[in-house]
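Below are structures written as structure tokens.
Each of the next two complexes has subunit A plus one other chain: subunit B in the first, subunit C in the second.
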Partner chain A sequence: MATPGKRLKRLIAGQMLASRGLKTLGRPVAWVTSGAPVEPLLALGVIPFYPENHSAICAAKGMGAPLCQQAESMRYSRDLCSYFRVDLGSQVTGQSPFGVIPAPDLVVASNNICGTVQNWFRIIAQRHGVPFLFVDTPYSDNPPTRAEVEYVQTQLQELTQKVAGLTGRKFKESDLVRVEKNSLEALKLWAEILHFGAEKPAYFTSFDAFVYMYPIVTLRGTRWAVWFYKKLLQDIKDRRRHGQQSVPGERARVVWDNIAMWPVHKGLRKFFMQHNIALVTDTYTDAWRSDHLDPAKPFESMALSYTDIILNHGPMFRVNKLIAMVRDFKADGFILHSNRSCKRWSLGAYAVKKMVTKATGVPGLVIDGDMADPRAVSLDNIKHRLEPFFEMLTDE
Partner chain B sequence: MHEIFLEIARDPIGYLQSWAKGSTRELALTFSGLFPLELLDAMGFHGVWLPPVLRNRYNRADTMLQVFMCSRARSFVDVVAGSELPVAAIGAVTDCDAKDVIPGVLHAGGCETPVVTLRMPIRVDTPAAVDFAVNGVRHWVAEAEHAFNRRLDPDLLAGACALRLRTRQRLSEMFQKLGTEVDPVFAYSAAVSAQVMEPEAFLHALDAAPWPKPDHKRRMIPVLMSGSELPNIKIIEDLAGLGALIVLDDTETGTRAASRPVQHPGCQDAETPPPPDLDGLLEAIGAGIVYKKHGPTKVSPAGNRIQGIVSAALDRGVQAAVLGLFKFCDPHAFEAPALIEQLKMAGIHSIVVETDKETGLLARERTRLQTLLEIVE
Partner chain C sequence: MSSDNMKFLGLDIGSSATKGVLIEDGRILKRIIRPSTPNMQTAAAMMAREIDAPDAAIITTGYGRELFDGRTDTVSEITALGMGINAVFPGVRTVIDMGGQDSKVALLNNGKVVDFTMNDRCAAGTGRFLEVMSRVLDVPIEHFDEEAKSTTELQPITSTCTVFAESEVVGLMSRNVAIPKILRGLLAGIAQRVAALAGQVGVVEPIAATGGPMHSQAVVDALSEALGTRVRAAPHPQTVTALGAALVGIKRSGRALPRVQWD
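Here is the complex of A and B:
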């Protein structure tokens, strides 16, 4: 029987093969941000490609430094997002673990994850000479207002019309409803899977989630994602039935804030295992747990769903999220990744840490790193920071 | 009379501290040229767009923020968290990632000054964005009245709109004559002063004497100054010292903030404003934020911004461009390579001056700039 890891590899290979094949047959390809409203695109038969996700995989495969350097040689500052630099480096050099990537016919971006993407994806559109379509999702410290949801909804309807016009494909609301049902089913399965981290001992950790999040990001809205998560859910249930906990001899439980450190992902996972520490949940993979989608109100619910996400809210939202996670997942501590490449997520980490500790009584630790540029991450330094923290957590 | 502008530009905090001692009005701050100061004025505050106050250390901000936040934002947090000014209220505005998180960081860091955020669109190319901006202003007023425990006075708003608009119009006139009829050090000093002075006092000082002219006796190279906000006046003084004559501005401190219109009859005459029309004024303020000249934080019709800068540079006979960037300012850092490339294609060489600490031009940048000016010459 295939392991989830092998299934995922086959899924990715199949997705890329299908994308290239369909592109050859004339199907349009859209390069999109990870938080872009992909459902209208899928309803129109447009194939999405996710540069952020691609950058994460490049970084995990050890390709981060040379690709970043390529972008820097083009005058892009080393202080800019490393996902952007990896992506640009990959576009220029053609280097990718995926092989040939289908070129975009259009670019769709939304600022619900950060302000960086509107600059980054505009650069992609200019490089490829294709239209740049943008959905403005207002940032707010509070839940979205009625006016904000309406503003986004109007843009989603315009986006759908524009994409239909640009690609010559006909839009049918029934197709959008079908795609949203797929998205919703995958999101619910994903939420169910993530909740296994709340069990004590944990049967699913964030190190697993960082890997298996691929389909919820890039195949959301398709039956492939639903298929994958149904299988994964069954695997986890089987593991629990057989008592195969994620971290044998679990001694402490920790929550993670921010994007994974892809360049040192494996080393960090090993280090946590060696110390019998379970990373039980995280704010990163949790971002795809939204339950706002409602196929009965396809555009309105999509507008709310794509506006009301963690990265589109201020640090206080993160504070409340982390407090809830620490409590719900029975965590002994939490780690804030101060990620040089993700300012929106990282800024204010020290203040966030103080507030979460004050509310929960649980200690937190801020560690410096980067999501894709290995030159800004030192596994040794991180270990030096984590060791005493783990000792404190496991000190009985 | 004009000396006061240079004094303020060199030490805006010192000026505001003195002002606060002698005034019964309370101080309300913002950190962005997008924010309509007239809203704060109309609530009885003295609205101030605090200029960057660059330092060699940001001791208070560093307890709340990482060093990879731009120094413009860190300096604001440092001033507020350090209680260097008696700030009664803060009007925030959504724009770039750094500015977006400031209110939350201040709140999470224990700042007790009430902060209310004006939520603005990132798109500035659609009618829906205008509607959203108008709604954002109305929403801000409602939230601010509650948080600041003050009413926005429609009579005060009409007068404040007119005075602030007059100020921006005068600055626009001045920047039109930059380097030809107006000395750049004076122009930028005045622009910074307009951010912190009460508008009546500013306009009075501005017109108290003829505007100083540039030194045309010296052979100087006409340059473009582009970037977000001016890090400090020392850079402009240094550029002048090196023989660079700024003849075109593309900064928020200069032409961009000054370009914000408020198209309403109530704003056209500062002396005799017509009867108040609160709703109409708020609508005009909201729409004006969308219609103003923007930097790279906004999604505007494709290509217009860079093409506009290059075209204006050619019209003004610009021979070199200075791109003044705050370190860690993402929007401008993203734009810089394309802007440099387009300027180069137009025959204009550029230099990036990155600022983080309290300095004018560093020795290294001074040397690079000298080299560039010599090449151009």
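Here is the complex of A and C:
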């Protein structure tokens, strides 16, 4: 029986093969941000490609430094997002673990995850000479208001019409409803899977989630994602039945905030295992746990779903999220990754730490790093901080 | 548990110096500091030979803690520092340690570390900074106190980076700014950086300080000034973490922690 890891590899290979094949048959390709509304695109038969996830894989494969340097040699600052620099470096050099990537016919971005993507995806559109479509989602400390949802909803309807016009494909609401049902089914399966981290001992950890999140982002809205997560859920249930917990001899449980540190992902995972520490949940993969989608109100619910996400809210939202996670996942501590590349997510790390500790009574640790640029992450420095932190958690 | 004559050796294998404390039932039998040269591994082995306590359990800590093969166990410097300072100054709430390679601040509650922070990727708040400046000013660290005492004036040093601060100091010296003024400026600068680090965990009094630089009263005074409150330097400030490592060994062996005679 295939392991989830092997299934994921085959799924990605199949996805890329299908994307390239369909592109040659004339199907349009859209390069999209991880928070772009993908359902209308899928309903129109447009094939999405996600540069952010591609950058993450490049970084996990050790390609981060040369690709970043390529972008820097084009006078893009080292202070810019490393996903952007890796992506640009990959576009310019043609280097990718995926092989050939189908070129975009259009680009769709939304600022619900950050402001950087607005410029990044405009650069992609300019390089390829294709249209740039943008959805503006108001940033707020509070849940989206009625007016904000309507504002986004109008843009989503306009986006759908524009994409239909640009690609010459006909939009049918029934197709959108079908795609949203797929999205919702996969999102619910993902939420159920993540919840296995709440069990004590944990049967699923964030180190697993960081890897297996790929389909929920890039295949959201398809049956492929649903297939993958049904299988994964069954695997986890089987493991639990056989008592195979994620971290044998689990001694303490920790919550993670921010994007994974892809350049040191494996080393970090090993270090946690060596110390019998379970990374039970994280604010990163949790961002795809949203249950706002409602196929009965396809555009309105989509507007809410794509506006009410963690990165589109201020640090207080993060504080409350972390407090809830520490409690729900019975955590002994939490780690804030101060991510050089993701300013929006790292904002106010020390204040967030103090507030979460005050509310939960458990200690936190801020560690400096980066999601894709290995020159801004030192595994040794991180271990040097994690070790005393783990000793604190295990009552040294 | 009552006395069983078991000896515990704490070895703090640091980047600049290796420190060893041999303890038996609360009595300090040996307390030694040697340079970590030619390399940390050899330095640790030489020290273990010098201390010559073949029956002792050896608990290593510091950057080189994994390098010594003869160890019984290891512990992080933060945990060892917390344990050590609590034995030296029971009830202390904040401890600032200025090491050769990094500075650390730990917050304690009932003798346990509850929060900590360390400086990152920069030597500007560490003992190394003082070593570099000692060389540039041509003032041995042992003479810092008398030089600093010779003036009340202070020349602010604006560069936070060790390398840039060095060029700034060279520039000031070429303009004949008095060395004691520059030295006071350097000490104030380093103290402010460490105080800012301490702010990350939130300083709670009473405050203690450890590490080689605390041999200098001028450094301790600068820290007190930067924090706006009194900082007490631990006696034998460089060996408190090694003491803590030995105490961690005692605790992990299931024995009760002894009252330590440290002075």
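What to note about this one:
Assume the second predicted complex is superposed on the first by the 395 of 396 C-alpha atoms of A that agree within 3 Å, B and C clash if a C-alpha of one lies under 4 Å from a C-alpha of the other, contacts with A are read in each partner's own complex, and residues count from 1 in each chain.
Keep in mind that, in the parts below, a residue touches a chain if its C-beta (ideal position, glycine included) is under 8 Å from a C-beta of that chain, and two chains touch if they have at least 3 such contacts.
Computed from a prediction, not measured in an experiment: that's the story for all the values here.
When the two structures are aligned on the shared chain, A:319 is found in touch with subunit B, with no touch to subunit C. Counted by residues of subunit A touched, the larger count belongs to B, out of subunit B and subunit C.
Using the contact criterion defined above for the overlaid structures, shared-chain residue A:387 touches subunit C, although it does not reach subunit B.
Contacts of A:280 after superposition: neither subunit B nor subunit C is touched. Of the two partner chains, neither subunit B nor subunit C is touched by A:264.
Residue contacts after overlaying the shared chain place A:140 against subunit B, while subunit C stays out of touching range.
In the superposition on chain A, A:111 contacts subunit B only, with no contact to subunit C. Applying the stated contact rule after C-alpha superposition, one finds that A:350 touches each of subunit B and subunit C.
Residues 350, 354 of subunit A contact both subunit B in one complex and subunit C in the other. Those residues of subunit A lying in contact with subunit B across their complex are 74-77, 79-81, 111, 114-116, 118-120, 122-123, 126, 132, 134, 136, 138-141, 145, 147-148, 151, 154-155, 158, 314-317, 319, 338, 340, 343-344, 346-352, 354-355. Subunit A makes touch with subunit C in their complex at residues 350, 354, 357, 363, 366, 368, 378, 381, 384-385, 387-389, 391-392, 396. Contact residues of subunit B toward subunit A in the complex are 63-66, 68-69, 94, 96-98, 100-101, 103-105, 107-110, 117, 119-123, 126, 128-129, 131-132, 135, 139, 296-297, 299, 302, 327-328, 330-331, 333-338, 340. By the touch rule above, subunit C contacts subunit A in their complex via residues 75-79, 112-118, 120-121, 200, 202, 248.
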